[in-house]
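Naming follows writing order (A, B, C and D), and every chain is counted from residue 1.
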């Protein structure tokens, strides 16, 4: 096994390239890899194709900061704090390309890649305009039963970014709460970068085989980043910081407000 | 004046859609559905299976959190269940009910959470339909609308995110999605279902203190009004006490501010 | 949640019917649900279609005892103790129908059922005579890339039988070692019967959410059956009983020897 | 007389096929492959990834168990990895090597573990090919044959369970399975590979004390014998000590009794 400890700066500059397909961990404002997101913004990555299911501030910030070319998603929202205004604005002007999905079709596109397949079949989707307008979905017939199904095109991430609870220096990772699709995203990607609350001893991994949720073969870089999900929650460690999300939700009502937020909370700050 | 809020009334209406042993998925930003699940489990449906977006099954939260995928919703759960596995369960036909929010719902129960205006050049880009385009095709859904008005209840949605009965009648079968469909629509004014033949929306009951005219005026299409329209049964004392105890911060009121 | 504690006899008689598709847990001689297998033999179930990946004494005994009509498998062998002679004999005479697979194609047929799909695509298989002769496999083209793939027909078990370590009375199950495909098989089946080494308190399940491997919704019957895998191994509890497997391997060299073994070790004995 | 057994020699030959950082799957009833994985990891390939049929990754067993899916093979592993996930990895092209046993292997490296005689009415029904029909189509394999004779090494297998180079040359590409293929065949007499153009089996090295004639006589087809044939490098003292220490019960000898 290879040691894989990096700083946030090193990992983002070494393993994320302009134009990459980037799958982003977490759901809503829970266990989102926000420190990695902010570092991507600081490093000014461009033309990313970001992929996730139900996303919030992470997607909105990357979109607002101009890092994004294309979005594969089922929902982008700030939950009770309202709309993801950067997403809305850039979608309305056509500055970002939308690859709209249902939760399970975007999950299935990741799952196809995780299984090493170019597509997977799916029930449902038929009859929805999401299906009708999508370039990632088409209709097929089961070769055995003849029944109509949706086919979902695989999305293979160049990089997956997730925040987890613990890892050893070799990249044996423990998620100690809701798994979301983080594990599928790590399986599917060429490279996976994980920030963790704690670095634990390798012996601890060996002594508790059953607690490892993602083994080292799926992990490219491990970053010790306590509070790396902030202002999202990290199960067992901290809840989401509603005040910060509210501040963000207020700020993004205008492009100027968002830029001011970025300057203050991201660009002139280090994680 | 009633001793309950419209949010509390709606939560109870949603809860009543859950039968004992039903497997129910509660999604992200779903303050009323989470109340409904906890109410059902605590009162009339103790064996319902509550699956949530925090990726657990049958949690026993001490207090409802603001983010309905938040860590508090893992509390005392019997197992983690990743959402993709819940979707597998739905594809097997083993998930019984979802609750569905929408910016627009039309006469045939189609829902829109994608765009107002044309898809490629939208007037308003909405957040997206989350699970709906997948699940609405294969199972039962109950739709909740906190603001019943003619912009939300429309003749025809601008974009079908979640499949209702499409153009009504047998259109669902024709589209290859024979199973399920929207069962009820619960709003701040009333409860509606779908007439079995035409699949057009039909009034079931009106909430206490609401006039039939108010419902009609706020509905953007001609609602079927049967001869007999009930008054919605309000929450009882135990249900109210339970909600106030498990939700002291008022998460259930989030959509009504 | 419903209480689901049964005796071995009750569970097999209530939930397994003649003609059922039965997925059998474990691999080789590890965590095989042998007590359930023996009870199926004692109850004289008929015409079963048994499904597993790399199976041993469990499949051989069911086949030899005349319970089986069809076998979906990738390998049936007693490992170092040699051939599964009942399997061999009845395959050679045509008394059982063979649905031969590779490990991953039989796993994928279960996985398709677990996903609620009538088929799944798969890489590989092409060029093999296993593929050529199979009725469960066919060639398809990816609707997006056009590449040739195998399609695997779903096998939906009527019943899955597994042996696990612990469960509460509601059927929240813990597997505390190699998962094999037991979890997929439970997800896929209409009914799942599990024997366990220990019944644990429900509070223990609630207090350690992350240790539950199969939640109650997938489980039909729980049987408290210590040593329920014997003579197969059960990780952390006991290793396989090589002497017993050797005795079995000797016995099955002739139909008479097998019958004598059955009489002595299965029919005139209770688990 | 050599101070090592042919099993030990073959284990070392298999081990040498493992490069550092290779991801290797070791299957059920694979006494030599398990020795090969542990040898490689302990000596020349410390960063190889050992994935096994006990569904774990990188175990550190104290002692090799008889069943190569046995619980002892979970010891000190870094994680559980269900086999279906390992197959997903293989489909992604991220598994580097498997070892493959066979009842028959032919000139083009096709292997048979299904039947002797016609498929529908076999003379002998064999146990089945386990992972081979899937993995042999998409990755590199090393085949081990404990008894090199003309019944095991045949002109043409009765049934292709695991794909080799099919009818040789570009036949694999033609069948839609361009990647991988058998790399080496290690027997109790020698090591063979496949001639790059015709994909026919070719002698690489003969084990110490074995005559070329013995190899030829025991091979059921005309083996390509290059001008220069090496003698197989025997295990060294450290390798032998390691094997005897980690395998005191002689699991590695199981196929040679």
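The criterion applied here is as follows: a contact is a pair of C-beta atoms (placed from the backbone, for glycine too) under 8 Å apart; a residue touches a chain by one contact, two chains touch by 3 or more.
Owing to the predicted nature of the structure, the values given are computational and were not obtained by experimental measurement.
Chemist: What are the chains that chain A and chain B both touch?
Modeler: For chain A paired with chain B, the chains in contact with each are C, in label order.
Chemist: Is the number of contacting C-beta pairs greater for A-D or for C-D?
Modeler: Of A-D and C-D, more C-beta pairs in contact link C-D.
Chemist: Chain A to chain C: how many Å between their CA centres?
Modeler: Centre-to-centre distance between chain A and chain C: 37 Å.
Chemist: Any idea how many Å lie between the Cα centroids of chain B and chain D?
Modeler: Each chain's C-alpha centroid was found; their separation is 57 Å.
Chemist: Between chain A and chain D, what distance separates the C-alpha centroids? Give it in angstrom.
Modeler: So the centroids are 40 Å from each other.
Chemist: Counting in whole Å, what is the centre-to-centre distance of chain C and chain D, each centre being its mean C-alpha position?
Modeler: Using C-alpha averages as centres, the distance is 27 Å.
Chemist: Got the chain C residues that touch at least 2 other chains?
Modeler: If we look for residues of chain C contacting two or more partner chains, we find 116-117, 122-123, 147, 210.
Chemist: Please list all residues of chain B that touch 2 or more other chains.
Modeler: Correct list: 56, 74, 80, 90-91.
Chemist: For this structure, enumerate the chain pairs that meet the touch criterion.
Modeler: Inter-chain contacts occur between A-B, A-C, A-D, B-C, C-D.
Chemist: Within their complex, state which residues of chain A touch chain D.
Modeler: For chain A paired with chain D, touching residues are 1-2, 113-117, 170, 172, 187, 205-207, 209-210, 212-217.
Chemist: Provide the residue numbers of chain A that touch chain B in the complex, in ascending order.
Modeler: Residue list for chain A touching chain B: 27-30, 53-54, 73-77, 79-80, 83-84, 87-88, 91-92, 94, 100-105, 107-108, 111, 122-131, 133, 147-148, 177-181, 183-184, 233-236, 239-240, 242.
Chemist: Help me check something: in the complex, which residues belonging to chain D touch chain C?
Modeler: Residues in contact with chain C: 28-29, 31, 53-56, 65-72, 74, 80, 82-84, 87, 90-91, 113-114, 119, 121-125, 127-138, 159-163, 166, 172, 175-177, 254.
Chemist: Okay, in this complex, where on chain B does chain C touch?
Modeler: Against chain C, the touching part of chain B is residues 23, 47, 49, 56-58, 60, 74, 76-81, 85, 88-94.
Chemist: Which of the residues in chain C come into contact with chain A in the complex?
Modeler: 116-123, 138, 140, 142-145, 147, 149, 151, 153, 176, 210-211
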